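One structure below.
Going in written order, the chains are labelled A, B, C and D, and every chain counts its residues from 1.
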Amino acid sequence: MPEETLTGTLLLSCPDQRGLVARIAQFIFTRGGNIIDLDEHVDTNEGLFFLRVSWNMTGFALSGDEVSNEFQPMAEEFQAQWTIKLSRTQDRRRLAIFVSKYDHCLQEILWRHELGEFQADISLIVSNHTDLKSLADLHHVPFHVFPINKENKLEQEQKELSLLKNENIDTVILARYMQVLSPTFVAEYPNNVVNIHHSFLPAFAGGNPYKQAYERGVKIIGATSHYVTDNLDEGPIIEQDIIRISHKDTLADLIRKGRDLERMVLARALRLHLQDRILVHGNKTVVFD
Amino acid sequence: MPEETLTGTLLLSCPDQRGLVARIAQFIFTRGGNIIDLDEHVDTNEGLFFLRVSWNMTGFALSGDEVSNEFQPMAEEFQAQWTIKLSRTQDRRRLAIFVSKYDHCLQEILWRHELGEFQADISLIVSNHTDLKSLADLHHVPFHVFPINKENKLEQEQKELSLLKNENIDTVILARYMQVLSPTFVAEYPNNVVNIHHSFLPAFAGGNPYKQAYERGVKIIGATSHYVTDNLDEGPIIEQDIIRISHKDTLADLIRKGRDLERMVLARALRLHLQDRILVHGNKTVVFD
Amino acid sequence: MPEETLTGTLLLSCPDQRGLVARIAQFIFTRGGNIIDLDEHVDTNEGLFFLRVSWNMTGFALSGDEVSNEFQPMAEEFQAQWTIKLSRTQDRRRLAIFVSKYDHCLQEILWRHELGEFQADISLIVSNHTDLKSLADLHHVPFHVFPINKENKLEQEQKELSLLKNENIDTVILARYMQVLSPTFVAEYPNNVVNIHHSFLPAFAGGNPYKQAYERGVKIIGATSHYVTDNLDEGPIIEQDIIRISHKDTLADLIRKGRDLERMVLARALRLHLQDRILVHGNKTVVFD
Amino acid sequence: MPEETLTGTLLLSCPDQRGLVARIAQFIFTRGGNIIDLDEHVDTNEGLFFLRVSWNMTGFALSGDEVSNEFQPMAEEFQAQWTIKLSRTQDRRRLAIFVSKYDHCLQEILWRHELGEFQADISLIVSNHTDLKSLADLHHVPFHVFPINKENKLEQEQKELSLLKNENIDTVILARYMQVLSPTFVAEYPNNVVNIHHSFLPAFAGGNPYKQAYERGVKIIGATSHYVTDNLDEGPIIEQDIIRISHKDTLADLIRKGRDLERMVLARALRLHLQDRILVHGNKTVVFD
């Protein structure tokens, strides 16, 4: 790894107690790591401790698996939820992007990916329609079509899940995918399915949010990226943004302006997710940005 | 009126038809007016015409009442809703500000008023508590207390309405007034009661919006100024704005940050209202800014 | 033209005088037009009148050339600068996009163009490098390479101008084109060369604005789209926008975040230009949006 | 201290080396402290380490002075610049606010102070004019007038400095104070004089920034809060913000809109300063917010 420094990143949450930072920093130090970024937050109401720490691995005595193995006992003592990720190319996350007919979010992700903005591989695209196959082809990403109707929905999802497992997918991006995933699917990827909803949640959940916004006469519209849970549009929010509108804007203008918001917000959320900057607790997120 | 130019402002909505602009502009021109600002919007879906036009009255042959009298037949022909306002000091709007215990919105309005930002008189303050009397005294604005409970609510509102009538009030500002006005009250001031709600409506309507926002884990909070109708928090929206929050922000931080939003949004909405820049149609506004 | 209404748009500036709106509106009315959008602004300090008016041409008695011919005498009387454009396909503007090596602005424009956001044809792309040829090919836009060095600059510009004339180009977009155009070139396209500068002008004019911003330690970076004049980065500003940065952002992060700003701001400016929403006076713009 | 928890805050910068976080966290832990907020940043280009850490002092074995004394040897070993502040009322910072004739920034600070937003005492107000004396009186803050002209400037500054020393002032706020401080004055309060400049620096430094902005025709104006150094408007930037303007805005509108920006930006900068969230290195700031 000559051109880029190898770094490790620990993301951890646990009940708060004295000495957590000292012990974790000591763990890294005694193995030769140099901390380059540490962000810690304590929710004093709930007595919860949240931490993201990155360290330079140069001269670090352990491999990735060994780090995790050595950290395991301390994590158990802390009753922690945690992950350690290394910046090695072979450890990059593998993404599946789900789409329907709209291309803007897919375009944005593919383009940023090619610019090197995401530390991840886009392994495949899944769609219930064939419309975006040529875009996938252009970027040489395998495109799998699973048409969905009321009768075959669960069956098709099982095939999708098989495909994702075979391809070792660890994150699913819903890039304006117009189907609701079943609880069974969601349970396979807890906090690893990232959706973009085209409203400022919790306003205008459900279908046709731009139409709802137009009819209500709001002066600002938004977009929200969140993790998918069993409750539609109610998962932990990762990122939101807004844009001003006026009485001059037709419904078509809202859709046009919203397109820009959707792709920007989804891209930012995806980047935060892939950099291990997000901890979920309850239905909320801690975002270390 | 040596120091400032006298201007007239017509605000009008009616079914769309050809020639409306030509006839209105001709009306102003033939009486010696020079148009300095004209903004027109047609809602092509609904076939509605909206117009705000201001003209320099120097050399205008008519007084304010005469202008309205002469315009009346044309307005009837157009089936228009309309007002004509002159910039004369004696025609300034008279405001009543309703408050409870929070001072930030009242402070902001009083201060901007003294800076000359509003073309209006603040005639009186009404409250259901005595907390803000000293602030009112400081600015030499009469302060009237009407304590409200379940039993006396309608009776007290009648007294408030009598007071407002005696004082020729034409606009009521709810500056974090913590009581819901009855339909009877609202009916007396259609599209002339301006409220500030401390959320990004329609998200978090009702009580405790900051607590709702905190618990939902949103990344952005907002404030909304709207005209009051019979349906709580559902009136036509005048202005909205937002501010970013993060997981570090406690509920107290949301309240603190929200204070700044509330007073800014209410002040902007009030300015738009007082400059006759707002037309209401259905439950939406056309804002000529 | 069955699927879309034919509209006309007049953009006009002239010395202010009484009756301008009345006479222009009357001109449109008497020929059967229905005004659907009118925005007028008077700069009372300088005594200048600015107007943009759009009207529905259904039943309009005149063709495009005839409208201009009939309006000509009135425009002369007003000493106006003006254009009338019709929404007919054959009257669409023809664009040339100039690029160097960065693809993000070009990508954004090509993509929005295919979504139908611009009422214009992208006729050709000019570059001083070959890097973006494959992107041009993909979108079937002719790509012309004119390598530039100190010696051949003016000569190459002449060839470019010949090409533009042969292709009836009326607007040039500098989409991160890394060459300064000569006054001769600029003079051929007054107020029709749209540039994007990667800073919040007038801060950080000239080269390497992100490096300048990084070294100054600003907390916000920006992008500015403007018409090109003889003075580098000093032409009339069309549109600007900003994004927050922090001490955590490296120079590479500024460049990455700035990319999103640049393409959004350029796209918005281009849309305003193509919808005839911009009037230039002196070194400033009036933008009717 | 029954009603609020006593906390300590260490703000530190030094050359980067391995083990810094571990040793500092260990220092706090072994004395019984519980870290509630830690933010660390390494500038890898310059090899610099920046840290802000807050801990709950409940059960902490040392007083404020003792903490600093015990930390001193480690800080020397690290070659660090550092401060440790406790949240005790008797350690609150003492502020002097300098004003001239504009009241908006002073109003904002006094008002927020009374709402409890700042952990500080406003000890006195200094002005070169008498205009704002009644406002100071109203809030019971001593008001000192030092009229300044070319001849007496340095002499008056000496008197101001004497006053500040007698009153144990540690932070000076320039709330639209229209005099340039001499290098002698600035040297007495390094990184402790907070100014608000009414432009988006480095654009429009110097006098009349709104006029400059108006004449340049920008579409966005800004305000910048920074520490004062010997070079006018070139000190380390703490906070900036912006607001959109249009061709409709006169110079008076820019001043009016800018007022709101100025007071908000200054208030945010002051809060960051008083919460020990700012580290200065070179001419830039690290802001832990």
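The rule is simple: a residue touches a chain if its C-beta (ideal position, glycine included) is under 8 Å from a C-beta of that chain, and two chains touch if they have at least 3 such contacts.
Quick caveat, the model's predicted, so the values are computed rather than measured.
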- Task: Would you mind naming the chains that touch chain C and likewise touch chain D?
- Result: A, B
- Smallest number of touch links from chain A to reach chain C? 1
- Note on the structure: More Cb-Cb contact pairs, comparing B-D against A-B, go to A-B
- Note on the structure: The chain whose C-alpha centroid lies farthest from that of chain C is chain D
- Query: Where the centres are mean C-alpha positions, what is the separation of chain B from chain D, in Å?
  - Reply: 37
- Report, in whole Å, the distance between the mean C-alpha point of chain A and the mean C-alpha point of chain B. 42
- Multi-partner residues of chain D (each touching 2 or more other chains): 37, 41, 248
- Spell out the part of chain A that touches chain C in their complex, as residue ranges. 37, 104, 107, 111, 115, 117, 138, 248, 256, 259-260, 264
- Item | Touching residues on chain A, where the partner in the complex is chain D | 16-22, 25-26, 28-29, 32-42, 44
- Task: Can you check the complex and tell me which residues of chain B touch chain A?
- Result: 41, 45, 50, 200-204, 216-220, 222, 236-242, 246-248, 250, 283-287
